[in-house]
Every structure is written in structure tokens, then in C-alpha cells.
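Have a look at the structure that comes next, please.
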Amino acid sequence: MSAFRLLVQRDLRLALRQGGDAAMVVGFFVLATILFPFGVGPEPELLARIAAGILWVTALLAALLSLERLFQADWEDGSLEALSLMPLPLEAQVLAKCLAHWLVTGLPLSATAPLLALLLQLDAAGYKVLVASLLLGTPTLSLIGAVGAALSLGARRGGVLLSLLMLPLYIPVLIFGVGAIEASIGGFGVGPHLLLLGALLAGALPLAPLAAAAALRQALE
Amino acid sequence: MNLHRFANPARFMRLSSALLPWCGAGAAALIGIGLYLALFIAPPDYQQGEAVRIMFVHVPAAWMASLVYALMALASAIALIWRHPLADIAALSAAPLGAGFTLLCLVTGSLWGERMWGTWWVWDARLTSVLVLFFLYLGYLALVNAFDEPGRGARAGAILALVGIVNLPIIKFSVDWWNTLHQPASVFRLGGPTIDASMLWPLAIMVLGFMLFFATLLLVRMRTTLIEAKIRVLLLSEIERHAAASPRQAVAS
Amino acid sequence: MPAGRHTMLPAAGFAGIDLACRRGERLVFAGLSFSLAAGGALVLTGPNGSGKSSLLRLMAGLGRPEAGVLSWDGAPVGEDPPAHRARLHFIGHQEAVKPLLSVAENLAFWAGMRGGGDVGQALARFRLAAFAGSPCRLLSAGQRRRLALARLLASPAPLWLLDEPATGLDSDALDDLQAAIAAQREAGGFVVLSTHTELPMAGAATLCLSDFAARPA
Amino acid sequence: MSAFRLLVQRDLRLALRQGGDAAMVVGFFVLATILFPFGVGPEPELLARIAAGILWVTALLAALLSLERLFQADWEDGSLEALSLMPLPLEAQVLAKCLAHWLVTGLPLSATAPLLALLLQLDAAGYKVLVASLLLGTPTLSLIGAVGAALSLGARRGGVLLSLLMLPLYIPVLIFGVGAIEASIGGFGVGPHLLLLGALLAGALPLAPLAAAAALRQALE
Amino acid sequence: MPAGRHTMLPAAGFAGIDLACRRGERLVFAGLSFSLAAGGALVLTGPNGSGKSSLLRLMAGLGRPEAGVLSWDGAPVGEDPPAHRARLHFIGHQEAVKPLLSVAENLAFWAGMRGGGDVGQALARFRLAAFAGSPCRLLSAGQRRRLALARLLASPAPLWLLDEPATGLDSDALDDLQAAIAAQREAGGFVVLSTHTELPMAGAATLCLSDFAARPA
């Protein structure tokens, strides 16, 4: 088996066995979405009006939270040091870890979203686009987040730092994600939004691993 | 990484000490004249009254906010690619100044908004991108100061500054789009009537003054950083002289 | 790096010339040189904080020396980091053992990352075969250490860098370790290790880090 | 200095020096609140309508997240074991840790809330009550969360599961908290809501440390 | 607990009778007894996984024995856990050192939790005085271990339970440890420790855990 696949497999196995950070994401997503009707009140029209926004914001927060520990556990137990000494380039390793992260967060998140959308009375016209936009957007979140996680490794105040670093970088994904859903509900074309989400992903795919690997290298020095 | 690299920017020190008084004096004079013109000479706006005078601080601050970020990202690129030590120091020194200008823009804008729109904040596209820019600065500053080894913070910061500059136009563009998608009901639109010459002059003078002010502070901050590094290198070389231990060889087969 | 420097490097083997290491603000050691021929072993000793771990990390390419060069067969190691990584095993104070994975899974992962190897045999050599299926969470301290050391045998590499490998090992495991080191040297490999206890090895050079202290700790 | 104060002081010092999980709370709070306008759109009336709910839900989520790791670091580095062998009863130690947690999360959270309320266009009438309800409600969140955190230490998988189990206990705090703010904006009396929040706190104060200490004891065995 | 049991307990000192320990599904040891008088020392030996750490944890009251009783001055330890906790120091494999706190802060915390003590002197005795102000993150492995051991001296306790205390210590620190143990015993204290290396102590009893293995490991 190639080293890349091996790394993806290990991260998946760890995530599934512990459930810890990864399953937390879905738990958090569900939990946060359930809390909103209690917070803003149960009126169906109001909920429907803000459903797309709530779903995307909580999905984004859920991804962000799990990212904080993307490299943390490996860093603490010496695995990151050992990994950096393996033949597989660090850039490829970052990509592998992002893929594993997305498989246990972005993917189940996209799968759960329609159910929660039902709860929040999202207009039926938006379901398909909700899932599509999450499927296209969450990989970008994982990739950008990896850069932040690598940068803040070993830093004091890692947690706040990561939130602060990621906030500006996540905003475009959020805007296009919500935009696509609202466009589809409003009866406009969703093409441009989804294309833009795809463009962000296409940009992040080569650039984020580069930046993250550079950050990891200097963290290990 | 190597502090010795910081130890010999003699040319910069010479150049900057020659420039510094001119920059400082120019900044003081221009801002003084500009403020005088803005507060006492420029006419009150027919719509906004005296409140319009905030503009003479607000607009230069807004321009400086993005200008400084661009400079910071440029310096970071130079630091990462050519490993030029002065570039690192320039980026580190510019960041708090840029954050300051951004905050000034936000605060003056907010004060102005309270008078003109009756609210401190609206999620207007332009306002929102300034807020996001402010967060970019905050993130950079937090990251740079989050490490014990100063070198590490600088390198992490350089990576972040570059990632940020790539993202900045994307944010601007997406925020514009977002704001037109949900057209706000009753929000005041910025950039009303074209500016009259009586206001343009003070504004231009203020902008120039702000630039010189920035240059002055930047030079001062860079010089302090360099002098601090020099002191540390002196201390370390003292230690190393102590350590001129007899080098021994260990050979095995 | 001035070209003149390279001529000083030994044509074969693993060597370091005039190395210095800085951790944070402090110069931990300076003026340290060593050279190892095929089959050679180097034992690092010295009091706590004298820089044994720091030197091993430099040798592994984790961090750059403040001064000096490390060379392999005459070429500076920093010129081709991937090649250097491919030729070494580094076992530090931290074991890089995942408590949730089983013993065999842990080892198979690390071996697989280096192209694969005989996991079962490596476990057997460190008397861990009986634990192959159990999660590492259940291992005792010495068993974890043995699992870390088993990585050395699961995939071959000419250069072994071991930071206090004997920590927590019982006497049987210590014998296993010494046998593994002897086999590695016989096959022409290189071993550098740090230790506070006696670890008898034929023809090993010893480097006491406190001789190169930049200032008394 | 008493052992209780010493423990509070140590946790505060760690939190302030690292910032890690605790300071992350405030970062997360600010971040989440700023993201909402991007999600639901910039209309001032809509934002004002849901401001109280958003602020309370994000405050709750922020507290929940930091609590998950309340005992984790001490557990991993052997400190929890050592602490359990100290003369100070474990119940008092839990209380001390909750106090420290609240001081670095609930308190700054309550202090930041008005600023965020400004951004979300909350009605000016609600500011005072917003702060008061957070000051009364967040200690309860810390206490209840400590029980969940202690329970999840022993369980191999299921940090999430246990957060979910704690959810029903959080919801009353959320309902009364938001209720108080909306009452004050609507011009009704806020007394009953705040009294109920106080009652929840009075109940959690003795019970939560008991339950958490019991859970910790069996996790250490 | 049947009253008849108590009559078997030694009237003074620290003793265990017929102890058995289960970890997970496995019975690690059984039928193990020991007794220590004031000033006594007990050295636990045995291969990896034989149950040394498990026994020390039982002695500390972390976990209950599967069978048997531990007693202090004739009374079962389980009858008054707070009193037992107050009389012991336990230093396990994990050091309970916070990387972010300074060396002095770390030690002052643990001493303060037990009512306070002389932190400066304890640091000096383990040659850590020079590091008092630096964050523990910067310590080398052996320095961390020394910091953990300094807790023994910072606040007094009659019973010391030490799991492989010599790990990573240089020879000076080893001497310091042995001097501390000797002083503790002279003052009438009790010391139980596990080790894989030689740790010469006058008149110490040795317990080899593999003699009590419930089934071969």
C-alpha cells in the first residue's frame, strides 16, 4: 500500500476508534442546530428564513473546532517528528491528513445536513444545493484550516489564535455556500455560486498543503 | 534563526538616521496644516454639517490600512524568498501600525455613522471588509507574538501574511457580492456627492501626512529592533568566547 | 557555504565537523566533531541538559546546526534532506505510539511509511508477539519502549539514532536491544545512541557532551 | 495560601499563559457571532430579532467546548492522579477548577457580549439584562459541564455522546437566559427569569462537584 | 471485611497481605505479601509488564486490590483513604509537570497542595536552582525527572512510592536521589520503589514481581 493511503487509513482508523475529535464534529453540528430553535424561538417563518445561514455557520464552526487538533496529537506524542522523517513529502502528508479529516467531518456533515434542514424548516427547494454546497465547500475548509493548525502549532494560545487566523479566510466560503442555497430557494441560478466554491477549492488544493508543510517544518525545527 | 545576520545592517542604520528627522518633521507639519485646514477652513457639508470633518481623519486612515497590509505582505515575501533579514523586521514593525490605522478607520467611521445613520454599525460591504482586514491584522499580531523564539514567530507570520494577501481580494469581491444579494432595506449609501476642491486639498495634505507619519514610526521601530538584536548578539558572543573549548575528535570504526 | 569547507569532510561514513547547537537563546554545545565508519557506534554521555537529545535531533535533520556541517559519504547532509531521511531511524524520548491502535497496527504503520517490512518478526525479536493484537493503551512503560524499538527492525535503515533507548527496559529486552545493535553494526550500519547507564558495546567511541559545553549548565 | 486557592490560581495561570482551551472560548464566541451576519444576511431588523438567541447559543456552545477538556490535560500528564492523592477533597478540587474555568470563560464572555450585541443591533434595552443573565447562567454551565467532562474521561469513546447527554441540562439555562433578555426588550419584568437562573445555579453548586468527583474517582481506578 | 482478617495485620509499619491485582481482564499478580518497618525500603523488580507499576498504584490507593489488604500501623488503608493520602508521595511514570509553568511554580504548587514546604531547598538538592525561573517546557528529559523527584523533598511524607525514579537521571542526580532516600529512611520513613537498574541501598528488601505472576506473561 502506498504511504499516502497508509496515512489516510491510519487517521481514519484513529478517528473512528476514538470518535474523539471527528465524531465530535457531527455531534456539535447536530447539537448547535438543535439549540437554535430554543434560542431564537420556534416561529417557522423565522427559522426558515435563517436556516441556510445557521446550517452553514455551524458546519463551519464544527470543522474549525476539530481542526485545532489536526496536528496536535501527533505533535504531542512525537509522531509528527517521526512523520517528518519519513520518505513521503510533508506536503503529501498534509494532503493525506486533510483528506482523512474531510472524510470523517465534511462528508458526514454534508450527509446530516438535510435532516437538520428539515428541523429548521428550510425550503424544500434548497436541499439538493445545501448538500452540494457543503460537499464542495467543506474540503476547502479542511485545507485552509490545516494551514492555520500548522501555523499555530506549539504557539501559546493555540485555540484563540486558530479562530482568529481562520475567521477572515473562511468568510468567502461561507458567503458563496449560503449564497448558493438562497439562490436556489429564490429561484435563481446556482451555477455561479457553486463554480466559485469549486474555484476556491481548486485554489486551496495545491496552495494549502504547500503553506501548511512550510509551517510544520519550521514548527519542528 | 541566526542572529548574526541581524548584526550588520549598518547601511540601513546610516540611511535611516539621515531620513528620520525629515520624515518626522514632514509628518508633523503636514498633519498640522491638514488638521487646521480641515477643522477651520473647509466648509461644513450641506447635508452632514460639521460631522463631515471626521472625514479628514477617516479617509486617510482607511487608505493607510490597506496600503500598510500590502507593504507588509511584500516584505514577508521578500523575507521568505530571499531571507533578507531587514524584510522580516519591516513586516513585524509595520503590522501594529497597520492595525492602528484600521482601528482608527473603524472608530472614526463608527462615530460618524452614529451621527449620520443613528447606528454604530451596519453590515455594509465596505465596512465589513475593513472589519475583516482588522481581523487579519489581529491574527498576524497574535501569531507573531505567540512563540518564545522570535525567529519562529516571524516565519509563521510571513506565511500567514502571504496567505492573507491572496485572500484579501477574494474577501472584497465576495463581500460585495453578498451585500448585493441581500439588498439592505434602508441603509445609507456611502460616497455621495463628488468631493469639492475645498475639501480635496486638506484631504490630500492629510493623506501625505499620514504616509510620512507611518514612515517615521516604521523607521523608529525597525531601528529599535535592530539595536536590541545587536545587544543580544554582543551578549552571546561574550558567552561563546568563554566556550572556545578545545575541540575533541571521537572516531570509531 | 564556502566551497573550501567540503574538502575537509571525510570521504566515507557519517561525520560531523565543528558542530554547534543553539536551543532558544542558549548555546548548548560548540566545537563538537565526530566521525563514524561503517559498522561504527557512537555513545553520547553527559549530565542532564548537556545536549545529547539536541545533538541526536541535529543528526536526524530536525533542526539545523548553528555552526558546522554533518556529512554522509563526503556530502553535506543538508544538501539532500530526503536522501538523509530515507537512510535513518530516529527514536526519541517520545515513543510515537498511538494508544488506540493495536501493537501490530502501530508497527505496521511506521514500517509501511518506509516501504514496508516484516512486522511479525520485529515484534517477536522484542518479545511483543503475544501482544500484537492488543491496543497500546494497555502496554506497560517498558513494553511501549520495546514497541518503539521494534521499528528499527521492521524496516531497514543504515543509520540508527537512539535517544536513551534503554529507558525502562528489563534485562531481557536490554539483551534484545544489544543483539539488534550488534547485528546492525555487523551489516555495516551506523549506531548513535545516548545513555546514562552502562551499555557495553565492542569498539564504540564515546562522546561526553559536557566536554563541549558552551558554558557551565 | 489554602490548597483551594492554590489550585484556582494554578488553573488561572495555565489558562492565561497558554490561553489554550479557555481563552479559545472568547475567540470562538466573537468568531461565531461575527459569522452569523454573513450567514443570515446583513438586514438590521432580522439581526436584532435573533441577536439574543445567537448570543446565548454561541456562549453556550463556547462554554461546552472548553469544558470537554476541563480535566483532559491533567489526566494526560499524570497531574490528575497526583491531585487525587492530595489532602484537599476531590469535590473541592472540582469546585476550584470550575471556578477557575468560569473566571477565564464565563466572566470574559459576559464582558464581551455587549460589544457583540452592538454588532448584532440588539435593542439597547436588552444590554444590562444580557450581561446579568450571562453572569448568572455561565457558572451553571461550567458546573454542569464539569460532570460531563469527568464522565467522558473514563469512557473510551463518547466525548460527544456525553456532551449530548448533558444537553437537556443546558437547555433550561438557555431558555431562561434568552427569556430574560426578550422580556426586558419587550418591557416585561425580568425578575422571574433571573430568579430561575439563580435557582439553577444554587442547585448545581453543591450537586455538580459531588457527581463530577465520583466520576473522576472511578476514571482513575 | 471479616473481623478475623485484621488480627493478621502487623501492628506497626506498612504491610500488604496476600495481594492480587487485576488490570482489565488479566490477573497480573496474586498472593503477594510484604511488610516494612520504619526506615525500611522495598525494591520492586521484575520484567516489563510484571506489575510493578500496578502494585505501586495499589499502594497509593489508586485502585483497589482484587484480593488482600494493605495496612498501615495495623489498620487497613482502605478504612481511611484521606489519612493514607496525607502520608504518601507517589511519583509515577508520568511526571505531572506543566510545561507552561516555571520550575519553581510547578514545585510550589505541589508543595502548597500538601500544606507548603521549602521549595528553594528542594530545587537546590536536585541541582535545579539555576532553572527555577525557566518554564518547564525547556527542560531536558532528566531535568524534568529531577523536578518530579524534588516534590519528595519539598513537603515531607513518611511513605514514598517511586516508579522507576532513576529513569533518565545522570550520575550526579542518581547520587542525589540515593542521598534523599537514605535521609528519608534515617528519619524513619518508608520507601518503595521499582527499578530495572542497580540501585544499591543498605538493608533493602527486594520483591521480584515475576514470582507472583498469576500466569506467565
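Note that the chains are named A, B, C, D and E in the order they appear, and that numbering of residues resets to 1 at the start of each chain.
Throughout what follows, a contact is a pair of C-beta atoms (placed from the backbone, for glycine too) under 8 Å apart; a residue touches a chain by one contact, two chains touch by 3 or more.
None of these values were measured; they are calculated from a predicted model.
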Which of the chain pairs holds the record for C-beta pairs in contact? A-D
Quick check for the class: compute each chain's Cα centroid; which one is farthest from the centroid of chain D? C
Going by C-alpha centroids, which chain is farthest from chain E? Tell me that one. B
Between chain A and chain C, the Cα-mean centres are separated in Å by 37
Using mean CA coordinates as chain centres, what's the gap between chain B and chain E in Å? 57
If you average the Cα atoms of chain A and of chain E to get two centres, how far apart are those centres in Å? 46
Taking the mean of the CA coordinates per chain, how far is chain C from chain E in Å? 31
Can you tell me which residues of chain B touch two or more of the remaining chains? 135, 148, 178, 181-182
Where chain D touches two or more other chains at once, the residues are 17-18, 34, 38, 41
For chain E, which residues are shared contacts with two or more other chains? 93, 100
So in the complex, the part of chain C that touches chain E is made up of which residues? 23-24, 46-49, 53, 93, 130, 138-143, 146, 164, 167-174, 196-197, 217
Across the complex, what residues on chain B touch chain A? 132-133, 135-136, 138-139, 142-143, 146-148, 152, 155-156, 159-160, 162-164, 166-167, 170-171, 173-175, 177-178, 181-182
Can you list the chain A residues touching chain B in their complex? 147, 151-152, 154-158, 160-161, 164-165, 167-169, 171-172, 175-176, 179, 182-183, 196, 200, 203, 207, 211, 214-215, 218-219, 221
For chain D, which residues are in contact with chain B within the complex? 34, 37-38, 41-45, 47, 118-119, 121
Under the definition above, what is the set of chain B residues touching chain D in their complex? 119-124, 128, 131, 135, 178-179, 181-182, 184-185, 187
